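The structure's right below; bear with me while I get my questions together.
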């Protein structure tokens, strides 16, 4: 009798757990709709989406590559008022004016056009490197924290090793082994960031693992993978997402520190981090050269953070009810 | 616990060895060598060759590697290839500056960041929260040197309270503190930004938890609920971000150290790379790796204090 | 509530920073405000007792010390420091590198020919004291030190400049007489630099060197100069103190604090806030003019100018074709390069490999124009030449550049200018050391090199003699163009004893370089330092080869 009751209880719990992820299609649809509404009602998140679309539009429509590619010619600036590489050396460091809204840089290039074009490299670097670092790090931390024992020790000591390399040295290592190039730089930044994600994911997992519901799930015989996916991941995801939105800004800036050792984009290709780096030499003389790229980073990071918070609200199981 | 600490300390040996081996071989792959860097572009080829010989760079790599390891085991960090000074002396001179800066900025980052995070979490989606978020994001978007220069401009030049340059005299407490304030403020404010963000998020997470609700239902005052129950549960991720900052500040405070013309371990690392001072770079990396291992160990131990359910 | 205070205080701080950032702009326009805010900084100085020591606090752009062994000093900061600690037999007049003066020697001798060899006999000053240190008490410098020191300079194990002392022998005649014999006679302009206060010419105190050893001497030096070494803090500063026994009299400065501050903005703020007395500036005219306009500050712009030259590798396609090289020359405009440095006075145009502004043997603008070799910009001609050479649509090249501004600027400007005739240059930045290594491995079809060399012979030998061809030369050095056409002229000029004929030979060699368009000289960049008005270096600044304002026994800081 007791046995039957237990197994019945099992079924109930199992069903409830199943419902959350493997529910019938109708349930999912209505759930999605509800989530979508929650998201839309979250005004900051909508502002985030708006800002992100703005930056994406900048990146995509900086020039008319989508037309030029069919006509077999060099793309012409579209959104950007000028060619970002065109130098007007005589008027260099000119302050913002009607012709050049954000002034000219130290080579006499239009800062606004460079910011618009620069969004391409910077978005790519910010997103991809954080994605690489975030996914690999979170997986490391989750696996380590959840499985414990030897696996945990090995994974977290590898994270220690990676953490012991400051970005510049990691950049040099990637440069020495894989060579230069934008994607190798993104990889380098990703590797630098991964142990920080691993540590946060690891610590959160340790905390969550001890919760009653994990014990409950385990007692009914749920597998490791299932527990990790259903119970742990959703509970640590918010910290990971927040960390990701924090590190995006760093990743965009680190680009500048790595491109000067030959990793990443070469001059004169515009990128926000490098623009700030160059502009800082003229901080007192022509503050606009470094101020506007800084503002661009701020807006982008703001967009990702607002969006990240909005997403977290949706992903967080506790906030769904 | 004692056994755990011991095993972690023993595990530090392979970690440091791995870091060291990677650094040893990789710095020798990048173009340029300490002889050329030391003599500059004007020196003749034969002078460079003579110096290479003297520096022992012409020996087989594997011999150099084991020589270095051998010295290290004997506790000898070697001498800088450029200035010829004992690396242990150089580190001894620089380390106090790095430690005081790191510790002070972590202190500032924590005492500002955690309360701010709690406050914005409790007033989520109000004006204060929005302002707090934007300000903390601005803190993340500003490069350290940018903020450093602005702080220097304000508090050393416009309102000349603090000295603008140098690390101060370590033996003179007042001079030391005065030189510490501005760089520590710079790094502390930047750290505040991320600590605030993470604290806010972690607090939001737990404030909705059942036991917080239970605590509230029991009629406990909001203060007790937030500080005793919620914060405690949120502390684990907060402790880990502080740990991450502690580890990264030691090496990544280069820009701040450069702006304020302070000596520091991070700066030493970068200049060792630029000068191709192999021995200095290797030794500083060993010290840094030990730091990271140590900080991570302390953080891991801290988890079980913050959340007694976590055991090692 | 308390937390609210935190939030507000942070907001206020950030706001204040922003305001401060904005108001900086106004300050530069209204220097009157500057003096008002400078008042409080000077307050501590006013409290000071009259016996307050006179200190020069100088900040250089270097990150750290390299060595204070003068025979290894290569970086600017190292050269600055050894200039204050050491003397030589002869010195360049302080602030004016075009004139030689006796230093440790009583007079500059005339050479005699003995058995086909050239002999220079120097009489030493009496009573010159080697600085006392913890390890070595002060003692009188004699010919033993001078002979030993010059032999150290000639030894590749103890000197980076050994190559310049080939064929030289030194002996002591008596305690105060040194005889230098040259196997190959040299004109004074080529001989004197070897015994002058630059690089290998510095005289090191033998006893102290032997007491502490070569490695320790780098950070514990002793010479005979106006200042002696006191302490070194890594990445922070080197402190020198007055040498009471200095033979020209005790310096007026009690101390020199030489700081390492790579960040320009910090040096600027340090100077303005009164924490520093003089700083290395940015070599751009805009910076120089802006700082000079500040109340209480002055900027000095002086030589020598480091010269930027574009070298074409004539051994690779398509640059092996002289028409291609000339097309490039016609596509370039020196004014565009110059503008990146804010134009004069910091930067100036250079028309020959040796800068005529600073050294004998260079070609002036007029001389080059008279020969029609100035290659004034003419895009049509450039395109025509390219088409003739078979590249009507241009071509593309890949080059590496140092991350340093002085390299990146000319490379980037060249890139933009050559794009107009269809030549596509891809620049890869690497760190400075890497670049120097890579270009010596001949990776760049076009090398831009920025350098100061002490005389025309060194410039021409090391950049254009066939022995100096990178990788494959007999003594591989910096002949990036693989040129072999002026060996005879360089060698003839080197042994020519008549200064006028020597100069003619050098000029002839450089005209050949221009005719074959082996390299395109762009511009020179002068030294820029800023100081408070109360600083008096004690001499005018025209050219200083050690690349700083030169602090000596006459320098004063009268706050």
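Here the chain labels run A, B and C in written order, and each chain numbers its own residues starting at 1.
The rule is short, and it goes like this: contacts are C-beta pairs under 8 Å (C-beta built on N, C-alpha and C of every residue); 3 or more make two chains touch, one makes a residue touch a chain.
Only a predicted model underlies this, so the values are computations on that prediction, with no experimental measurement involved.
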Checklist entry - Most C-beta contact pairs, which chains? => result B-C
Checklist entry - Taking each chain's centre as the average of its Cα atoms, which is closest to the average over all protein Cα atoms shown? => result B
Checklist outcome for this item: When centres are defined as mean Cα positions, the distance from subunit B to subunit C in whole Å is 36
Checklist entry - If you average the CA atoms of subunit A and of subunit C, how far apart do the two points sit, in angstrom? => result 45
Item to check | Distance from the mean Cα position of subunit B to that of subunit A, given in whole angstrom | outcome: 22
Checklist entry - What are the residue numbers in subunit A that touch two or more other chains? => result 280, 283
Checklist outcome for this item: Among all residues of subunit B, those touching at least two other chains are 30, 138, 145, 149, 270, 273
Checklist entry - What residues in subunit C touch two or more of the other chains? => result 21, 24, 265, 430-431, 434
Checklist outcome for this item: The answer for subunit B against subunit A in the complex is residues 11, 14-15, 18-19, 22-23, 26-27, 29-30, 125, 130, 133-134, 137-138, 140-143, 145-146, 149, 193-194, 197-198, 201-202, 204-205, 208-209, 233, 236-237, 239-241, 243-244, 247-248, 251-252, 266, 269-270, 273, 285, 288-289, 292-293, 296, 299, 303, 307, 309-310
Checklist outcome for this item: Residue positions on subunit C within touch of subunit B in the complex are 2-4, 6-7, 10-11, 13-14, 16-18, 20-21, 23-24, 37, 40-41, 59, 63-67, 72, 74-75, 156-157, 159-163, 214-216, 218-219, 233-237, 259-263, 265-267, 269-270, 272-276, 430-434, 436-438, 441, 451, 453, 475-478
Checklist entry - Which of the residues in subunit A end up touching subunit C in this complex? => result 85-87, 89-90, 92-93, 106-108, 180, 259-262, 266-268, 280-281, 283-285, 287
Next on the checklist: Per the contact definition, I'd like the list of subunit C residues that touch subunit A in the complex.
Outcome noted: 21, 24-25, 28, 264-265, 268, 282, 286-287, 290, 335-336, 339-340, 400-401, 403, 405, 408-409, 411-413, 415-416, 419, 426-431, 434
Next on the checklist: Can you tell me which positions in subunit B touch subunit C when the two form their complex?
Outcome noted: 30-33, 36-47, 50-51, 54, 79, 82-85, 90, 93-94, 112, 115-116, 118-119, 128, 131-132, 135, 138, 145, 147, 149-154, 156-158, 160, 163-167, 189, 192, 257-264, 267-268, 270-271, 273-276
